[in-house]
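Contents: one structure, followed by commentary.
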Amino acid sequence: MSAAQETVVLQGHIIDSLILAKVLDTILMMGGTFDLKDMRIGATRDELSRARILVRAPSIPILAEIVQAIQPHGASVEREADCEYQPAPSDGVLPDGFYSTTHLATQVRVEAEWIDVAGIEMDVAIVLDPIRNSARTVPMGEVRKGELIVTGREGIRVIPLERPRERDVFGFMESLVSAERPHHPVIADVARRMLAMREAGRHNPSRSKVLLAGGPAIIHAGGRDALTWLIDSGFIQVLFCGNALAAHDLEAAFYGTSLGYGLTAGRTVPHGHEHHLRTINRIRAIGGIRQAVETGMIKSGVMTACVERGVHVVMAGTIRDDGPLPGVITDSVAAQRAMRAAIPGVGLALLVASTLHAVATGNLLPATVPTVCVDVNPAVPTKLADRGTFQAVGLVMDAASFLKELARELGWSR
Amino acid sequence: MSAAQETVVLQGHIIDSLILAKVLDTILMMGGTFDLKDMRIGATRDELSRARILVRAPSIPILAEIVQAIQPHGASVEREADCEYQPAPSDGVLPDGFYSTTHLATQVRVEAEWIDVAGIEMDVAIVLDPIRNSARTVPMGEVRKGELIVTGREGIRVIPLERPRERDVFGFMESLVSAERPHHPVIADVARRMLAMREAGRHNPSRSKVLLAGGPAIIHAGGRDALTWLIDSGFIQVLFCGNALAAHDLEAAFYGTSLGYGLTAGRTVPHGHEHHLRTINRIRAIGGIRQAVETGMIKSGVMTACVERGVHVVMAGTIRDDGPLPGVITDSVAAQRAMRAAIPGVGLALLVASTLHAVATGNLLPATVPTVCVDVNPAVPTKLADRGTFQAVGLVMDAASFLKELARELGWSR
Amino acid sequence: MSAAQETVVLQGHIIDSLILAKVLDTILMMGGTFDLKDMRIGATRDELSRARILVRAPSIPILAEIVQAIQPHGASVEREADCEYQPAPSDGVLPDGFYSTTHLATQVRVEAEWIDVAGIEMDVAIVLDPIRNSARTVPMGEVRKGELIVTGREGIRVIPLERPRERDVFGFMESLVSAERPHHPVIADVARRMLAMREAGRHNPSRSKVLLAGGPAIIHAGGRDALTWLIDSGFIQVLFCGNALAAHDLEAAFYGTSLGYGLTAGRTVPHGHEHHLRTINRIRAIGGIRQAVETGMIKSGVMTACVERGVHVVMAGTIRDDGPLPGVITDSVAAQRAMRAAIPGVGLALLVASTLHAVATGNLLPATVPTVCVDVNPAVPTKLADRGTFQAVGLVMDAASFLKELARELGWSR
Amino acid sequence: MSAAQETVVLQGHIIDSLILAKVLDTILMMGGTFDLKDMRIGATRDELSRARILVRAPSIPILAEIVQAIQPHGASVEREADCEYQPAPSDGVLPDGFYSTTHLATQVRVEAEWIDVAGIEMDVAIVLDPIRNSARTVPMGEVRKGELIVTGREGIRVIPLERPRERDVFGFMESLVSAERPHHPVIADVARRMLAMREAGRHNPSRSKVLLAGGPAIIHAGGRDALTWLIDSGFIQVLFCGNALAAHDLEAAFYGTSLGYGLTAGRTVPHGHEHHLRTINRIRAIGGIRQAVETGMIKSGVMTACVERGVHVVMAGTIRDDGPLPGVITDSVAAQRAMRAAIPGVGLALLVASTLHAVATGNLLPATVPTVCVDVNPAVPTKLADRGTFQAVGLVMDAASFLKELARELGWSR
């Protein structure tokens, strides 16, 4: 009956990551059958498991579809061949059959050798350098005519994610997006990691960076002091934000308000909505945030701490911005590029109260970076998971409460 | 042109409470016209304003409709007459034209004298005791055949809400339901009131009670220790909850879990979902929560603190309950009656993480009780306002973060 | 090293339902190891798979914990023994070690024979009738002193859920709670089932019932006409609701408003908030909804359709009710009992716009009943899944849009 | 006692728009007192009201603050003076005391004459052309060195919004953000306007434009056919969207999926997540959307309808974009400028399922443009109101249900 068959190999933590189950399920659902051959299951949590699976399908096209469908789970065709590639037809355009990456570590086979793909992130292509025998990812918009782009599915292998060694919150597969779970254990785990990373960063500052990508609600809701303390204390190395977070933070420094809302008064200040514009105008007049800090025009807050602690800040513009502040990268492609350049070395990502920054950052992060997504709206962490950032742990709480509790866990005494 | 006219009187803080504007607007919208006569506007925030308004309408029925529509704002027909009344036709049934209350203070005119209606709450009727010359509210289900029920609109006067003297968060008319406002000033104001009330309660314990109506997410999300501390410290005198909050609190005492989720482990404990049922069964076996505390079977947590501090607890049943625990009032009418009985003396209401309890409690509270509604879902405080509890200030945050921040503000050192 | 071992058997659709993976994962996570023996994997989607798993643990208590943890996934200890039982110590109290059910089909072993447990639902106990050799579930509150209650874990076997034969929306394991998925395919699948069930119900009316459990937002948001049509057309046999849905529906019949909001005018009607109370009072005066329909006092809407089509209605009271209407079961335990009695024969459950009714109904439904949970708030279907009703498909949309689209799919021409 | 006083004049629909109440309230709250002089109240809904208010304050600075605070409500200082202005100190920087606009119609007094400010929108500055005796708005980023910018508060007058003549949903002041209101009356009113505008647009196409600003959930959730029909039928003239909406629409044309989710199958298609990238790549290869339509590469959907019907499309880029598609304006300042250029002539704005586009578009719209904000998350319309777009009516429902119901109301027969 089966007109076509192929043996694929699957290895890694395929049992406890549910990968084997998903692969077998996919085969059956798409109309195939299988034999499990040479299944070896790691008897401890550290041993790898390995399965050879003979996939049968009623026709060659269906077989090809099945193999295509299970490959992102790490199944590689046993009959190993080199990966195929084609030159890009023009600047910014990929060859038709280009291979589109996941955010899992990936290897391509070039001249019978498996080489690592550098700079892995989601939904980009792979460009080969056959001279240096190397491979790296390239976003569609940045490909140049003639570059050699990996196509098809053969000779490509995806490494399934290992469960973290440490027994912390990132190690569990349960759905973790829920308003009904206690937040404290998650925050305590995050704090433990941040302490360890700060320690590790003393010896190797280029690894062990903590990234915070955040929205203006951090300031509105009252999280400014806690975030400032976290930066001042050396817990955060990279900040992704927009014009609004920075402007609200500076407005708080100038006027004590955020969009005209008195942060300590707890109410709208007369004519306060103008503070936002006046703040941006003053910073434009002096030339930039750094200048405002260095001249002493502003003396406190998130942006001041970033300047003083040398935090790598990427501010990306959007169509809802006023001004914008000097330093905001208004071109979204350039901003993406700047964010991408800041990712290497990031070992923990905190995505706080910004759907846009959470999804954009999630797209750029390898699956190996532990990620926490905090939003008062449960739809945000769900959306992140839908977009593929499955490693993210969701916390349904407001930004200020999260930052305060995290800072207190790390020693803040307010 | 105007076939009908009537003079109404409006007095109180009718300017700054926007009442005058709403009344005039309603008249115009319903097809009437008006003359403002003898308008006196209080020149300070404490002076009352007063306006006489001559309302004209094209017909008598339209005039009646207009007068009916503006009366809940406090407009009383000047040509004063005694209120009308009719006997209830049978137990649990009101006469057809019964007057339905707001939750604002109300007076009825009996034999040319204005008397206060006792026990004001929303959406109930007024029963007269012509012998004692008194009036009180009665819920529909509790009226008895023959009781004299106020009908129509004449001889009834509603007292518009005064703006609170204290300059705190409850004194502003802005929409206060927003995830984007800083929570801290609201929580600080609440804490100030609670301190003052605890102090006042030492001299007059029957006034100055703080009511907390809460849902089980308080325990799930990690707010148990903070709430326990608040009760132990004498800040809460009345607790409205359901079977679930109590059972989760007791489960935490027995097993350290909430619905099987380890509160400190931060993950699901194997077979932990059974803890919920086993907890309830153990309390049923020993006879009740008080017995469990007194025998030392449970030693910590919210319910223990309530027993030890003599907090007035009303537990109301719902169809999603397991068990339920002894002490849960399974009949909703009886539970409502028990809640109503606990309201007198309440001077501050905290409605935390329970739509059901928030709306049910909101229905029973006079408009004069400052109220805070806390929920991670912004629809809950909005719903409360839609149902008429306009005095409630909304905080969009999770229950645990709210209770922790409130407790810290009051001196908790965790 | 392993001081203890036990062989368990797992069979069913253990691969495509991810059960094997979860069981192995649980063993490893709890500190055990395993050997997979005699693993047979069904080669097609209809064939059952079967695995014998030798579980090893460092101690007997840990082994017992592991076995306890994997049993709800269907793993039964091979060394088969009869189930154990003890008499209930008093009315409403279970013996300490009582077995707490899941909502999966369950068998107990009595005198070497496996017998089915009747009336399976979540979180109840199993009572044996040793004379008739039968077993049935019993809620904690309804157990009587001396009844024989199953205890421990041995001799109990849970049947994993099969994937439905039909290739519809209920057959997939993907997380289905998302605002970002197209609703139409889900609604079309539901409509297909409802058509088939209506047809089947002609031959066997006691099976094939459709249950709708709904909240008052159905009426507020404008879904009244669509729901009325669905009932009139014979698509719904059981309705679970509260006082509010019924009262709003009747208010619409009397006044054209819902909580005073004009359903067609699209705005608040002056003094409309009284309509709610007046409606309830009129129904109380005439004696009930049936009487109001039969005397022609009300002629249209959801409740009228229910009376005319003989729909089995259970109205459960809550503490936020006004009135309530005659027919509302105010005691929550009695209401639960009435809901439970209406479940047999239900083959599809629609839980619409009511957290309370969704969770309460979910608790009573066996896992084999396809279930759709519709709410504009994504937290509601998530909560349902957290509570164990994993078979529910979530739709994030408003009640009115859902009911209209469903009715149109079934032939409604509005 | 009062060391300072000033007479201000307020006129317009100051009663029914609650403006008088707010102004008096603000005066009292800020520590002032007032006398109401020459109050004339329009006796019908069309007559303007007018009040002269003598404001007294304890000091001149407080008086200045009060006058500043009440001016956005339309209160102008009676002692009329010309507006003040200063040259911009450099490109992109405003003089310190610049006047920041509201989105209400505004006039400035130049040489004793009141002239209209052209192109009013929120949070921009006013630039004078003293030669032509004209004034127009200018965003901060576009001001050029030396341009004359209005400063201070004198000689500026804001025209309070009139209540619309038509008795439709836009004419009411009630909070209109609620999941609990019937959607149909709002949608019916919108449809009526759209019909009238299409008719009017036949005679004067440059006025009477309908703007839709939408997010990708329109496609995900199944609203593509309805939106295509609305465009094809001439109901929409301007479309603001991002890369995602366009890419998902084109993906649906190519593959029948949206982010790999089968729109009709109702489930994830294997490897479907690549469709998104492949779609963008194909459009980049052919040069753009217009080329894809004109060559027949795509034949259906939203973008095709836009090309065929000459809809003015502005696609703005964000940092979460893949690709992006040719035609996406990646620079946020340039995109804002393109959106601004498309606003004149817009007479109705529909903001659907995109927080970013809703807020960005809201910022650009004059208060006179009736606006509907549709989102399944109630926080979005609330945020819009918080940002100042108070004229927006909020509908809490999913995008697809909204577009389908709107299209059906306008004659769509699906």
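Order of writing sets the labels: A, B, C and D. Residues in every chain begin at 1.
Just so it is clear, a contact is a pair of C-beta atoms (placed from the backbone, for glycine too) under 8 Å apart; a residue touches a chain by one contact, two chains touch by 3 or more.
Computed from a prediction, not measured in an experiment: that's the story for all the values here.
Trainee: Among all chains, whose Cα centre is located farthest from the one for chain D?
Mentor: With centres defined by C-alpha atoms, farthest from chain D sits C.
Trainee: Just curious, how far off is chain D from chain A if you go by their C-alpha centres, in Å?
Mentor: About 33 Å separates the centre of chain A from that of chain D.
Trainee: Distance between chain A and chain B based on Cα centroids, please, to the nearest Å.
Mentor: 45
Trainee: Please report how many Å separate the Cα centroid of chain B from that of chain D, as a whole number.
Mentor: 37
Trainee: Of all residues in chain C, which are in touch with two or more distinct other chains?
Mentor: 179-180, 259, 379, 386, 396
Trainee: Looking at which chains touch which, would you call it a line, ring, star, complete or other?
Mentor: Complete.
Trainee: Given the complex with chain D, which residues does chain B contribute to the contact?
Mentor: Of all residues in chain B, those touching chain D are 15-16, 18, 20-22, 24-25, 28-29, 33-36, 39, 41, 43-45, 173, 175, 177-180, 378-379, 382-383, 385-386, 396.
Trainee: State the interface residues of chain D toward chain A in the complex, per the touch definition above.
Mentor: It is residues 26, 30, 65-66, 68-69, 72, 89-90, 92-94, 96, 98, 100, 123, 139-141, 259, 270-271, 273-274, 276-278, 280-282, 284-285, 316-324, 330-336, 339, 355-357, 359-360, 363, 377, 379, 386-388 of chain D that touch chain A.
Trainee: What part of chain B is in contact with chain A in the complex they form?
Mentor: My answer: residues 169, 172, 174, 179-186, 188-189, 217, 220-222, 258-259, 261-268, 376, 396-398, 400-401, 404-405.
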